[in-house]
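The structures considered in this document are given below.
Here chain A shows up in two complexes: once beside chain B, once beside chain C.
Up next, the complex of A and B:
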């Protein structure tokens, strides 16, 4: 499932300050410790994993605020899984 | 961009050179400093020392180079590859040396024969500190006073955008609350210090110059989180005032990177205030003129120049 795939990449690259089981699809990732520096690493990892390129209009905090919002952006760029 | 004799940056640079305050080196953004300029830098440092005396800071002085392994642990090469400075040296024997000199004499690229040394130039005065702070902080955290030359490869005609310049910093390592309080307090203290010197300084939310596409995202998130404030004042341009001091909250970035912990085991949060000493000095010369004798009495007194 893509949302779980995104969640795993977030856990791997986000350097969050909370335990993995506390990160749900709707958790606020910035509240969980995502920083401006780690967001970039996360973005690059997502681009590699899904073979997409985030356009400028999606390069904002809003896109990366939750696993859900990231998944929606990936769905838009790569096409929905379902 | 406006370039030529009417460029305000080039014009002011040329005035500073003519006055003997800056000594050009043939490389944009690299200058020798005249005695009057350096005298103001030293006076500013003494003032910053007096203003921060209540912090009881530990004083650390690091050279402007640091461990390459520490550098790579900091993500700087991901975020600011265009600004970095890497130190290289020659490690070959006679045969390689002969080839190096042949290339040099032939006007070929002799630098390709060099090998990266174990050090990088430091991009910020506080960077060498964090790798030394690994472990558990004392109950009330730490405050450290730092000053070093720092390097950023951004050649420019703007005399305030030097490639190598000095930062004087007070760094706080502790809890999130302690770090944030330090950052916020030094926005106010920094404004007060500069205003007491007659500088028309303002605090603005800012971002670091992150590189490339990822950098656009990093700049936006850094601003949205209001992590960095700059104290800005007009030097060459009223429309684009120059940052002379910055106040930064790093969250637990360095705490994570170098396993710095608070006594309860959480990653430490850090914050710093950094005074750009050459920029502060340029702002004073711009505001009060090149003749120190004619600076306002209160400013001279505050700087201990009389």
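Up next, the complex of A and C:
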């Protein structure tokens, strides 16, 4: 599932201050320690992994605030999984 | 990695070369015939990378290389203002000057490490024999996108600028409290680094940004240009860039880079003397020069800024203290810019790095907690700066600090004659059990400038580890208290008492807090309203005085104080 792929990328690149099992699709990633700088890393990793480019309108904290919101953005850019 | 101990194996010297401020690190005696330029990133990333690059310079010098660390024009202690529109060609000229200087002094191969945008500038400048790129995107356009994204993600905390704030010029870009003028943005928009590879460059090394492999465009372009290319997937860039207080250079990256640079050497040479200047002449004749003095952990370093003709005898000097792990140039380079404005108005100043920050001796390991920044040792360093300006002829002394710098300013004002103390966003003015138990020791370093975290900590969530540490440290704090009493100084254990003490000494205290900053809550909790020093609130500004429209206001506050007739 894409949401799990996104979650794994978040865990790998987000430098979160919480244990992996505490990161659910709806966890607040900024509350978990995601910083502005690591969000940029995360964005680039997601772009590599899903072969997409986040347009300006999606470059906001709202897009990256949870695994779920990131997955929705990726779905929009890459097309939903079938 | 431990900092260079005070031995003779590595020598540091500091000077201005062209428009750059340069810290040279070299072994004693002959050097390898490869010289290395360390070209930092721009803006906020430069703030964080400063100490790790100092550590890398030490490692390279110990391996035999002469190393020049540059401050880019418009940043740090270099010439120019960050608002100068022509900074891009001036930055390329800085690379040319440093390259030519190393060749003139006898080095046969000039290599460079360019971090992030520093790599693009290295490639754009040309003239280098070998370049290592770290997290450098292949185009300036890609770098600008990352800067814009970084700013958009951080900007949520900022309010709209007030109506009387001057808007940024069209085409300018703000990122992380720094400003890229339209000329820089235009130059970077058009910069395709991969199209700039060519002679004399014959070796390229590419390190990726954490989370992304090195851009394949670099490898393809190098191969097409006949440049030998090596790729590293070792991570560690985020550790260098994320936070000036905890930034660190991974041993693996240090060792890889040291091996790669030293492999470029073919022999040893004796270096000719450097031609850098010991002072920078600013517009209207003001000058800057490096200041250093022995401190408890080794050499303390700062920069003296004086008006044209030198400081008048008996003048009021301003001492700027570093803010947390941010070096003496201050948050968003505010101390450098304000010091120069003060000098233009006739007022001298000294901006100081306490131990383990910027260029002062200490440790290069990341700070595990804030104990050192809020320690008696740091206060001693701050007092050395006070003594120094008195020795330079100061008739009176103003102090300026932000965050831990505000702590240092308050502590100095409680112990020495200070005319005026301008203290921004002081999150603790006394380092005691309560401060420690509130988790500052263990937590603040993880996100020094995260006001939300501070707020949570100050409103009662007590970190268990910090509390345990508080128990252990309590005895030592009492001992420090007793020692302070023996020295006739106020025991640093009570905020209200501290401010009473400062007031008794006749110091004018001007507290400045960003709206919503935990410093406001801290002050309210500790000092009764009728005893509270004047407090100015800056709406829409974060803990480190971002966004950039606020910078002018802060400079104005400091300048107004320097001009005020307040007499002790």
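In this section, the second predicted complex is superposed on the first by the 82 of 82 C-alpha atoms of A that agree within 3 Å, B and C clash if a C-alpha of one lies under 4 Å from a C-alpha of the other, contacts with A are read in each partner's own complex, and residues count from 1 in each chain.
By our rule, a contact is a pair of C-beta atoms (placed from the backbone, for glycine too) under 8 Å apart; a residue touches a chain by one contact, two chains touch by 3 or more.
Being a predicted model, the structure only gives us computed values, none of them experimental.
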item	value
Superposed partners chain B and chain C on chain A - clash or fit	clash
Partner chain in contact with A:41 - chain B first, chain C second, else both or neither	both
Chain B versus chain C as contact partner of A:15, first or second or both or neither	both
Which superposed partner A:59 touches (first chain B, second chain C, both, neither)	both
Touching partner for A:7 - first (chain B), second (chain C), both, neither	neither
Superposed model, chain C segment overlapping chain B, candidates 327-335, 489-497 or 525-533	327-335
Where chain A meets both chain C and chain B, residue numbers	15, 17, 33, 35-41, 43-44, 54, 56, 59-61, 64
Touch list for chain A against partner chain C, complex	12-13, 15, 17, 33, 35-45, 48, 54, 56, 59-61, 64
Parts of chain A lying in touch with chain B, wherever the complex brings them together	15, 17, 30, 33, 35-41, 43-44, 54, 56, 59-61, 64
Touching residues (chain side chain B, partner chain A) in the complex	75, 78-79, 210, 213-222, 224-225, 227, 251-253, 256, 266-267
Chain A contact footprint on chain C (complex, rising order)	146, 148-150, 152-154, 156, 176, 209-213, 238, 241-243, 446-447
